[in-house]
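Input: structures, listed below.
First chain A sits with chain B, and in the next complex the same chain sits with chain C.
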Partner chain A sequence: MGLPNASEDLSSEMEVDAFRRLFPLRYFERHLAESIRPDARPLSRARDTTISMGAVASADGSALAKIGSTTMLAAIKMEVMTPSLESPDEGCVSIDFHMPPICSPLVRPGRPAEAAPVVAKQLSDTISRHELSLVGGKAAWMVYLDIYCLDADGALFDAALLSAVAAFSNLQIPTVSLDDGKIVMLPEEQKEENSEKEPVNKEKRKLTLGGIPFSLTCILHKNYILADPTSEEESIMETLVTVVLDSSNQLVSLYKPGGAVLAYTSAVQDCIALTRQRVKELHQILEEAISGMEID
Partner chain B sequence: MEVDRADGRNPNQLRPLACSCSILHRAHGSASWSQGDTKVLAAVYGPKAGTKKNENPEKASIEVIWKPRTGQIGKPEKEYEMILKRTLQSICILTINPNTTTSVIIQVVHDDGALLPCAINAACAALVDAGIPMKHLAVAICCCLAESGYCILDPTKLEEQKMKAFAYLVFPNSILSVLPEGSSLVQGEPMEHGIITSVTHGAMSVDDYFHCLERGRAASAKLSDFLRRSLQSKLPADLSKAG
Partner chain C sequence: MAAKPSTTTTAKATYSPIDPTRKTRPPIFSGSDVDWLRPDSRGFHQCRPAFFRTGAVNSASGSAYAEFGNTKVIVSVFGPRESKKAMMYSNIGRLNCNVSHTTFATPIRGQGSDHKDFSSMLHKALEGAIILETFPKTTVDVFALVLESGGSIRFLVKQVDELDTLWFAVGDLPVVISCASVALADAGIMMYDLVASVSVSCLGKNLLIDPVLEEESYQDGSLMIACMPSRYEVTQLTVTGEWSTPHFNEAMQLCLDASAKLGKIMRSCLKEAASDEQE
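What follows is the complex of A and B.
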């Protein structure tokens, strides 16, 4: 072939941008050998992460999460439903992950993105059914969680999970009351006026999350492990490992769908260690976002 | 710790395996794979000319179509398709037939637990039957973890529902070749210990995961032997046809 050698010679004569487009893998490997990435991050550093709570006023809970330029908007709407006979004390969470054409050049209008149902399925595996029962056997909460991807720049699952977790911690459960054995939602304004209708869930306005799951996606390439990849990195080096740990350090998911590089025990351990660090960071970011809300 | 399983197996025992190749005569390659009552049929068509949009035309592309036993495909099936596609991409040599598409069709015949591993094994046998160039074979196994922390292999549907967590693991098949002993060691581990695919469901401790990994590796050796034997048994007939 002679191609790799040709690129070696060309790299000194060619402009950097041209080299990056023509030999993307070579370009990245040159950086990796120096333990740095093209966006000036060390290999194991995740991008800057921000959370802003309450981004959607009409939702019961919402949050906007950004990891680098990957942006996710999550919103929760709650409805009362009759639980099924098999699980009378359980509510239901319905998760939809949307990837509109605005988020990436790979998504065409009219045709749903391939990644969307996969991310939604992964999310529903990681988010556990919390106490969503209202009146045992009669009423429970149906939770609609919608996540919109506004900008898809890699690590979609991480950002989606973070926005979902943030939206859950922002959630204000609406008050409901019993009316002739039927459950009625109380509109916010009427709360003081008709005091004869006693709210059923006066004290339970917040959802207590059990172990909060946080995730980190890593790329395996040769012996390098790159944390929190951008979409460019994801398209060039295809072996991805997503580790989800909850706040009590339980492994919720270790997800590696194929890829050219095999994960050996040491690499898996390294990924888990990186995720442990990241969970601490994310936990702090989330706490800060919540306390910021309370001051307002 | 002693564990009682409904069918009287011990925790490390797999269900009876069965594999038959070339069962569909219009497909370029086909195989059925069953583990106990779970049975999956796989057919391979290709390589066909051209790749779809968004695929790299410099490489062969693989397309996976999952057909459930009844009804439409939903989110879980979409995820299975994606996992299967990525797994097969990593074991096939994609540079040999650039700008072609190989379709792998998976038909679920009966689901009695460990469905995805069964489908991966079937797809792998069907690809060999179709003569698609591959780096190595892959074997898939399901490990289940109970509340008390013990681990069982190849669960049935009932066992899967009772367990708190499970992991689907795919390992490469050990290469039988002329390479000298020890040359296939990577970072002090034999090549067949590397994980191609790992999908977990439910919370477990990190130690439990590594425990599952160990059990899975041990069982995958048995599975690879079986896969190799069932693929070899059809070889003499082929050779006589060719001769």
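What follows is the complex of A and C.
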């Protein structure tokens, strides 16, 4: 296996936990040689994923996504803004990704996590602008999407993107009308009656995402490709590749932010193939979460 | 790109669409009007249903999630771990607390984030209960995140603008304190007892236990107790506003009774988690 004999011998004498702490890389490589990972997953298997919709009552749309123990809470609030002169018919999406100190021992209050701006940038590149106009040139929607990482255990971008798209599919845009040049919310009881105030957005109660983006992060290490890494794996083997595909399998984006391992084309293709499988899984999980909401 | 507002407008340039016809509740009920219902139709001396669960955050040494009605809080405990380099030598342990709010915790985006005093209040409420001698030279970090603030949302959208005084209210602090002590127990930090915290609002002649934000906005006085129920010791007592002595005594007794009951709920949550682990 190409491992020095010294550590072989040590490993038979030492307790497993001690070996894991002292020689993390050897520990992982010995697992990888057997095509298995310490948490008993095959190399290409992602962790169990769940989505629950409508987790935040005070938001217009929200979702909680869990990949393994990585947990993301996304909430959308809609506010009204005056569109700019250059684009009078366009609204705006503002995406904030937060890593509060509760999520990981590495984050301290007052010092924002290093990973947070990176994930926020990737998210804003992935989620594009939508038709958000209310009254041409006068009013448009400003969409505030806030994503909170509640538990950081690897593959942060994947979980954040999943919670974001789930929150968008949970979004109920409030019915509003125009009153003295200001947009006001229509009270519940007036919705059915033919009141003097005409709702401005009768039809557009949902945001339609063109193709829903899904992502998978993989670790490249030697010749191995590990899908959906935990934070322990991310800290030991540092070369990450994130592939984003939309629901019709078109490539949205691909990140390989440096790292010690240089990827061959074949490795990148393997990553994309893995992502394609994962998109199918995620799409089904999202559909189930949405249909689960409708039954209630 | 899409993340940044395309105009040069600041955050203030956007506003929430508010229903103008929404009525605000008439201020305080007068005299002996005891039929007044609380916004969540509880009795005056009835707390919100409390729910605790440990192990909410895997990467922390200990953590807990608490849900009291609409109030949802997560607390993570890290450590005991190395103190910051700049800290002086100390032969007892240090406690470091931080409370933050999500931007969607309050009905208007981003308003709940400026509770700077919550962190020090949490610190003072817990300090007396923790046996700091058991982890000399190190720090235990207690971080809380308020996911959602309690209160009747539809009402608050309008009121928050007008009532600056609302933010002097204790709000979610009792929930944060109780949840933090469960998280500390989950992390195996030695304590004399769990800290249970309850607040009471005084509205005219009536005492309302465990008030939601809406009620706090009308209150004449507020009282918050953090105590160790099985030792019958108070770690923190905050009283603000107008109180008469008999009222105060009654409120105090009410709080102590409620925290004894809350303590039982917290204990049973920890016991449940421990028995699950054994199986």
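To be clear about the criterion, the second predicted complex is superposed on the first by the 280 of 296 C-alpha atoms of A that agree within 3 Å, B and C clash if a C-alpha of one lies under 4 Å from a C-alpha of the other, contacts with A are read in each partner's own complex, and residues count from 1 in each chain.
Convention: a contact is a pair of C-beta atoms (placed from the backbone, for glycine too) under 8 Å apart; a residue touches a chain by one contact, two chains touch by 3 or more.
Note that the structure is a prediction, hence the values are computed from the model and not measured.
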Is A:Ala120 in contact with chain B, with chain C, with both, or with neither (first, second, both, neither)? both
Chain B versus chain C as contact partner of A:Ile173, first or second or both or neither: neither
Check the residue A:Val268 against both partner chains and state whether it touches chain B (first), chain C (second), both, or neither. first
Based on the superposed arrangement, let me know which partner A:Gln250 touches: chain B (first), chain C (second), both, or neither? first
Examine A:Ser69 and indicate which partner it touches, taking first as chain B and second as chain C; both and neither are also allowed. second
Specify the partner with more touching residues on chain A, choosing between chain B and chain C. C
If you lay the two complexes on top of each other, which residues of chain A touch chain B in one and chain C in the other? 120-121, 124-125
Which positions of chain A touch chain B when the two form their complex? 106, 114, 117-118, 120-122, 124-125, 211, 239, 241, 246, 249-260, 262-266, 268, 272
Under the touch definition given earlier, write down the residues of chain B that touch chain A in their complex. 54, 75-76, 78-79, 82-83, 85-90, 167, 170, 172, 186-187, 189, 191, 193-206, 208-210, 213
Sites on chain C touched by chain A in the complex: 1-9, 13-22, 56-60, 63, 70, 74-76, 78, 81, 98, 100, 102-107, 109, 141, 143-145, 147-149, 153
Under the definition above, what is the set of chain A residues touching chain C in their complex? 56-59, 62, 69, 71, 73, 75, 77-84, 86-87, 90, 92-96, 98, 100-105, 108-109, 120-121, 123-125, 127-129, 142, 144, 146, 148, 150-153, 174, 176, 179, 183-187, 190, 231
